[in-house]
Amino acid sequence: MSDLQDEAPLVEKSEKREPMGVLFWVCVGWIVLNVFGAIFANVLPLQNPLYQNYALVNAGPSLHHLLGTDDLGRDIFTRIVYGSRVSISVGVGAMIIGFGIGAPLGMLAAYRRGRFDAILTTVMYVLLAFPAIIATIAVLSFWTPRSLYKIIVVIGIASIPLVYRVIRTATMAVATKDYVTAAKVQGATDRRILVKELLPNIAPIGISFLLIGVATVIILEGALAFLGLSVNPPTPSWGNMINESRTVLAQNPWLALFPSLAICLFLLGLNFMGDRLRSHYDVTEVKL
Amino acid sequence: MSTEPEKLLVVEDLTTTFATPGGPLPAVGGISFNINKNETLGIVGESGSGKTVLSRTIMGLQPRTNVTVTGSVLLNGHQIVGASENEKRKYWGIDVAMVFQDPMTSLNPVMRIGKQIDESLRVRLGMSREAAKARAIELLELVGIPSPERRYSAYPGQLSGGMRQRVVIAIALACSPKLLMADEPTTGLDVTIQAQILNLIDELKERLHMSVILVTHDLGVVATRTSRIIVMYAGRIVEIGDTREVFTNHRMPYTRALLESSPKVTNPSHTRLIAIPGRPPNLMKLSAGCSFAPRCAYATERCHQERPELQSSGAPGHFFACWNPLPASQGAPTS
Amino acid sequence: MLKYVTRRLLMLIGIVFVISIGSFYLIHLLPGNPATVIAGVGATPEYTAKLYKLLGLNRPIYEQYFIWMGNVLHGNLGTSFISQTSVTSVIGAALPIDVEIIVLSQIIAFATAIPMAMRSSRRPDGPLDRVLGASSFTLLSIPPFVVIVMLVLLISIKLGVPHTGPSSYVSLGTDWVANLESLALPAFTLAIGSFVVYYRVLRSDLIATLQEEFITLARSKGISQRRIMWRHAFRPSSVALLGTAGVNIGGLLASGFIVQYLLAIPGLGYTLITAIFNSDYLLVQGIVFVVSVGVVLINFTFDFIINIVDPRISRE
């Protein structure tokens, strides 16, 4: 292709993997801190998230109540830490289901091709056309009584087709590469190829999509909390804290502000990590 | 004014350097030449010799960032080097137009071809919609596209490679440019189509009184169609002269190597082509000497140390850059 | 083209069929006897028995489906046992509000995202691109319900402007100025999320397109930068944008729910949430069915538009 090669080395050089950057590690630290807080909330020196102090209602931030108290005199900081348990467990739990089922199916379909792939892909595309959010709302409103595990299961199942599509596309790009064919020719078992050749190559895409997926599920859980379809009060969740704050917005803006900040910063951290990983491994932007 | 043929394009000491993460990359260096009106000039070189960069720099079409261009390009009296995009826009299409390498990528895939030809006519020449359409159909006919009215509303995807390249030529001709820059116009095409396209360019050049720069890696392409040839290596001119002179009396070993590596009809069958040993140099790591020296059979210590400048061979307009030139008149390739 | 459309249409029918089964089956998710739950607490046994027959619960389940489907095809989604009104008419009254909010939000989103993406892509990694990239990224991490709460906090409480939100919805027919005022906040909120997605998708595609040889050819014609962007680069770069828009607008029907609910605008979302709170199951079922079909239709329409925009797709 003649002279275009003049510029070929330029392009290669500029696409060299860029370093992750400090901000990426700040985000990792922030997310780890949040998860740590969620896991050890009951061990940490926190107040009781349900303890109501009627003497101190709608108080602003103070030394004793770092982020103030809510309309029932409960400590906002404590409730945010406890609330992260709901958001994080729904986010992580749903993605474990989504990836646990969607990812192996996607890899297998892309690797095997043939009828298995054709049938599975058609089914998944039909399911994808079904609006996941509405399906989630619908199922949760009928499937009473609601509980955390039902929310996780419903969102998890709804995310399977999406995960399937992303992983299948990613695997297909790798499965046609020469080194995979070479491994096949050398008589490697399917299992070995899937685990040793394909998995490491699609892992970056998978992880990047996983992080953004967790963020999306957390938004969805927040929305469900507004609809009264998530965990029931008084158990705190970021979503229902913001929802409850609406009635006392004028008296106590802190109550809306801090949980909002908590959810936004957590999502920002996840999205940033996902995006960084994606550009680091030079994966094209997948829409979510 | 004078009997001298008028110069349409004067290039002086033109240098194009890309800024890359690995340091500056001199893609084209110290190029000087000119073109007369109605002349066809060939620029020949291997892949990576800087032909494409040179032709784009002459047009002023180099990428807008990370590039430094110095020297001078006078096109029909307009200075291209250092001109703003707005100034160059006035010359593009009217003073100079370009036929691109690969017709599969150089046409907009989602725009009907008629619209792509129309555009220059309407925007640059201010023609009315109807007049532009009529003229576009004329142009399609001119470049030899059958049933041009029907093709006018086709998408590029519905045409073959050869037809597409004809469309690209029609686009280039829309505003009757004075200089046509054809950058490897046949590389992307089937061998059978190549000659058709080259003949078409040749024929149009005569009819429309244009000058043509034909950039190619194939000496066979320029042999019969150009009056002068520039041989490029590693971004520099290594030999320049009248086509006949360069073919029969070249002095630069690289030119000979290039000639010997291309097939000729006159060769007896089963003649082995002689490949040029080694690879084109890395432009980032050019030595102080002649850049062809590492691959040259005649290279001496001096060739590695000191770069040869262009020197006259004695024949008018024939220059070469070599410390150990092939003997004059013995330059014809041995077969 | 025709073959492509036929194939897509067949798929569309298949998907609607699956949706109808899903929506129909919803009431069977109710614990115990659906009739008892639907009739509500305190209903007489006679009423429950009547409802049981009316829902056809005594028949085999496939027959129930065909009866339900037959009614749906006649535009009858049932009668709410809570409000005693026809589900179809309730939906008919609420749907135009959703459509209006979505149309408004999309106008805002496209009108901002397209010019900004064009600006950014002309100098990737330039100062403007970096600022827009960082801010779009931040906006991506703010859920719509947070936006609404913050906007209400800011506008009505801090600025003291009597906000046009809760219970102030005015229909388009009554007073279009007041109508636009009452819908400005929800439309704006939904526009933010759409803007971010459109901006990012279009920007990355435009950057790729601008590297193409046909853009250099367009440049060599001597036409203006503006013309190159709009006439040459935009259309081939808009395929992913349209695909995303199709999916996104479908999603807006759902994220619009929360926004409507928070601002008490009586669209489908608001109606759905009230129905969930009131355990008005037939209304929920009807809305789920209508919205799902709507989402699928929107996706289908955008697929079709993509084919017109890029003739390469249907040819493949």
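Residue numbering begins at 1 within each chain, and the chains themselves are lettered A, B and C in the order written.
Here, a contact is a pair of C-beta atoms (placed from the backbone, for glycine too) under 8 Å apart; a residue touches a chain by one contact, two chains touch by 3 or more.
Here the structure is a predicted model, which is why all the values come from computation and not from measurement.
Peer 1: Counting only C-alpha atoms to place each centre, which chain is farthest from chain C?
Peer 2: B
Peer 1: Applying the contact rule given earlier, which two chains have the most C-beta pairs between them?
Peer 2: Highest contact count belongs to chains A-C.
Peer 1: Averaging over Cα atoms per chain, report the distance between chain B and chain C in Å.
Peer 2: 54
Peer 1: I'd like the Å distance between the centres of chain A and chain C, where a centre is the mean of that chain's Cα atoms.
Peer 2: 22
Peer 1: Hey, what residues on chain B touch two or more of the other chains?
Peer 2: In chain B, residues 101-102 touch at least two other chains, as defined above.
Peer 1: Please give the residue numbers of chain A that touch chain C in the complex, ascending.
Peer 2: 125-127, 129-131, 133-135, 137-139, 141-144, 215, 219, 222-223, 226-229, 239, 242-243, 245-246, 249-250, 253, 256-257, 260, 263-265, 267-268, 270-272, 275, 284-285, 287
Peer 1: Could you list, by residue number, the parts of chain C that touch chain A in their complex?
Peer 2: Those in contact with chain A are residues 11, 14-15, 18-19, 22-23, 26-27, 29-31, 137-138, 140-146, 149-150, 152-153, 157, 197, 200-201, 204, 240, 243-244, 247, 250-251, 253-255, 257-258, 261-262, 272-273, 276-277, 281, 284-285, 288, 291-292, 295-296, 299.
Peer 1: List the residues on chain C that touch chain B in their complex, please.
Peer 2: Checking each residue of chain C against chain B gives 123, 212-214, 216-225, 227, 231-232, 235-236, 309-312, 315.
Peer 1: Can you name the residues of chain B that touch chain C in the complex?
Peer 2: 59, 61, 65, 85, 88-94, 97-98, 100-102, 105-111, 119-120, 123-124, 155, 157, 168, 171-172, 174-175
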